[in-house]
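You will see two complexes here that share chain A, one where it goes with chain B and one where it goes with chain C.
Here is the complex of A and B:
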């Protein structure tokens, strides 16, 4: 059986169910790289150009991991457009070139351009992949099952499931899902806004979601907002970048009076260009609604003290705002 | 008589406070951490014991600061709390209607905005320690001015020079340049104070609504030059509390008091004799998975009492 590897970073957290199912239906064994760990980060930092943001560096690390797994190919799409005016950030656009420039001895890469400007483009793209990589296989069935898998995933997120646990059927692990006893007392609603590859990579963000649950907060993310809901929030002018629009509009969604969250955490990474805009816009939006916002900037650091202090103090502040007294948790 | 102990282990200083039953400070101590938090806490306990009034028993202990977890294990804390919350609690106790807390310590600086006694917003400096106490320390040493007199030099300035404040590397070259041009040390120091305040207000205080009363605390509040520069920049009086250097420790003691009073239970305090116990830390790289976490274990008198640093909890939960 042929094996295809899918790196656990960037587009992975949004589109894995589709691509996993599609490749599996074409008769491939799909190998996903493990949760990001120190080895993968170190490898990525070593391979990637120093100016890149840490998620892209981590992506290099995952590719390096897969390259060592005797796979017949690594799936490395050029994500261009997800069906709106906006495109993915330039680092997504140049991802195949970046990887090829800095890494050698790679297995063949499935380099395809995912540009969904027209409604039929995904279908014809998949058809092309099938013809090239799995001639003779039933394209139609594979495509339909992939679409269903993706829809089921989106529905799970809309019901409030975290990406990590919604991906369990594919990855075999829970990602950053907190243990049952940690999720017991939930008194605060906090929207954790950021790109899926930072919010759902527990190694990069120091276990942020788990920490918040342990401190007694219910976590809401941008991916939990249905796409049709996001479309309702018009901006004076949309941003250029797909994920940036998603994060900002999700911020507006969670700030609506009927579901107003107690606080917003904006998770960003050092050297992220688009976030210079998104961060400021979210800040203004939250201020107008009277909801506290804190920005966390992630990089390669593994020391957690600064991050922990900010998270704990933020949760304390929200709890005190809500109850009028310090709700002293023994963890904070 | 009952009392409460607060311990704040920061990067530069370790501060301890003992309060009476009502939360008023009866003894306090400010010593240098010198990179050895356990030794500093033990030294602090030993010195503090002599200052505590006879007949006072500790009924609750709180720890805070970047070394709060470690300190919590060493002294046996009932509460381990982040320093932002502790600073806010102490400031609000002292000045009940306080609306702004400016805090500058050795490695970090923060601003806390309160309304009606509740923290509504805060910010901390980013990773870089530019514009904090350790930079002033360094410059004082370079100019050969005792740090204690730094502020009074600034107040004597006639015409403060303009110094770049964003980055301490630039600030230092700017200062050297001004010095070689022939500006007086007083004017340069005053300029430095203004640059630090400008940097603070532009970065940490960015976009925050600074309303009076304003309380200025943390080790740098000892510097009258910085206080004057804040007053000049804000156009508001700035209040420096008597115990400005130990406000975090006081806040931790107050929170411990609040906790023990609402939920009475015996304290976990190991007693002042914890100063004489033998604590050892050791670390190793876990080989359980490719994360290779650096696990720290703390032992007291040869017995392991705490472990941390592992992401999965494998070692932490062993105890």
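Here is the complex of A and C:
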């Protein structure tokens, strides 16, 4: 049986169910790289150009891991458009080239250009993959099952499930699901806003989601907001990047009076280009609504203790604010 | 309407004439300085790129001088620059400045926004009638500024007295600034070129040739790059800049040009990544073919398209055997650091040339 590798990084936190199912239905054994760990991070830092952000470095690490797993191919699409006006960060647009420039001895890469501007493009793209990589297999069934798998995943997220546990059928890991003894203790609602590959990579963010639950907060993420809800937040000019629009509009969603959260954590990475804009805009929105916001900037040097202290202080402050112990302005 | 605009290279002379001929009171912003950058850095997001910070500082300085309207350009991404206007507006309004931002968006992609900004700029029907004449004068001036600047750059590596070319060039700029009609501008050009040609030169030198590529703002605005082009030329190196504003406008806004740059980049990067990322790669290929000794990539710190280019340039450098130096620039960058790296780079290029000419047997470079 042929084996295809999928790096558990970047856009695969959003699209893994589709591509996993599609490849499996084409008769491939799908090898998903493990959750990011120290080894993968170090390998990525070693391989990638120094100026890249840590998620892209980590992506290089996942590709290197898969290269050592005797796979027949690594699936490395170029994400250009996910079916809206917005595109992806330029680092996604040039991902295959960047990986090929810095790494040698890679297995064949399945490089496809994913541009879903027209409604039929996903189907024809998948058809092309099937013709080239699995001739003779039943394309229609594979495509339909992949679409269903992705829909089931999205539905689980909108029900409030976290990405990690919703991906369990594909990865075998439990993700950030809270244990029974970590049941909710307080009434704090916190929106954790950031790109899926930082919010749901527990190694990069130091176990942020689990930590928040242990501190007794209900966690809301951008992926839990149905796409049609996000579309309702019109801006004079949308941001250019798909994930950035999701994060900013999810911020607006969780700031609405009927479901206003007690605090927002903006998870970003060092020198992230789009986040320089998104972060400031979220900050201004939160300020206008009087909701506290903390920005966590992650990189390969991030220390657990520093993160923990900041998160604990923030949650403490939110709890005191809520109980009225003191209520100071948090935006100066 | 007291109107101002971003400061970039020699273009303020052109914008000043354009806006005042359109009948506006123009607040010419001061050239970017340490103070400008400090102001911008204070209010901008930490990881915004240096052009964003300089522009924000420039706007704040111009507002202090009485500007109430800012005109700038937009874009459709994926480079962040296209969103500058939106975020600048939010930040300025948050600081309590009720200024109006007129953002000229790409006419074909956002026609509504473009026309609204344009009609605010042009104003009365009478001005529309005068527009062709105004554009002709302004376009002439833009081209003349580029030609005179190019002439100065061509002479500086050969100048006998250091600084002489720059002194003459600055005088020429004043003459061109004072000229407003097409005839006057052309006369100022002829006079400037004649004056520059008289700068004493030592034509026996055989300078190294280096190209400057990268993001448009840090390539065009000397303050943002610590005057790297003139610094190189005063070290006796020919430094050719990839971008001049008139050519760039012709190639991007008027006709769809730059095909050869995209073609040259294609073996290394086939996707447009916004900003000048693809150009940095394609131009490096072209300069290598043209026999340049080296390429310097100028990039704002955290600039996404240039980081992409930088990740791919090592392959171009290896395959076409051309050294590439990347300088990332931000508010922390110091001139001494730039100078040291340039000197080391030039030394390396000189050693390579000697080796090629067989003058040294050892150079292990």
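The definition used in the following text is that the second predicted complex is superposed on the first by the 321 of 332 C-alpha atoms of A that agree within 3 Å, B and C clash if a C-alpha of one lies under 4 Å from a C-alpha of the other, contacts with A are read in each partner's own complex, and residues count from 1 in each chain.
In the analysis below, a residue touches a chain if its C-beta (ideal position, glycine included) is under 8 Å from a C-beta of that chain, and two chains touch if they have at least 3 such contacts.
Values in this document were obtained by computation on a predicted structure and should not be read as measured data.
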item	value
Clash or fit, chain B versus chain C on superposed chain A	fit
Superposed arrangement, angle subtended at the Cα centre of chain A by chain B and chain C, nearest 10 degrees	80
Larger contact residue set on chain A - chain B or chain C	C
Contacts of A:27 with chain B and chain C, given as first, second, both or neither	neither
Chain B versus chain C as contact partner of A:203, first or second or both or neither	first
A:101 touches, of chain B and chain C: first, second, both or neither?	second
Touched partner set for A:169, first chain B, second chain C, both or neither	neither
Partner chain(s) touched by A:226 [first = chain B, second = chain C, both, neither]	neither
First, second, both or neither for A:317, with chain B first and chain C second	first
Partner chain(s) touched by A:40 [first = chain B, second = chain C, both, neither]	first
First (chain B), second (chain C), both or neither touched by A:83	neither
Overlay on chain A, chain C to chain B nearest C-alpha distance, Å	6
Contacts on chain A seen with chain B and repeated with chain C across the two complexes	none
Interfacial residue positions of chain A with respect to chain C in the complex	48-49, 51-52, 78, 80, 86-91, 93-94, 97-98, 101-102, 113, 236-237, 239-241, 270-277, 279-281, 284, 287
Chain A - residues contacting chain B, complex	34, 37-40, 203, 207, 283, 292, 297, 301, 305-306, 308-310, 312-314, 316-317, 320-321, 324, 326, 328, 330-332
Residue numbers on chain B that touch chain A, as the complex places them	66, 79-85, 89, 118-122, 124, 126-127, 207, 255, 258-259, 289-293, 311
For the chain C and chain A complex, residues of the former touching the latter	44-49, 52, 74, 76-80, 82-83, 86-87, 90-91, 94, 110, 113, 268-275, 277, 301-305, 307-308, 310-312, 314-315, 328
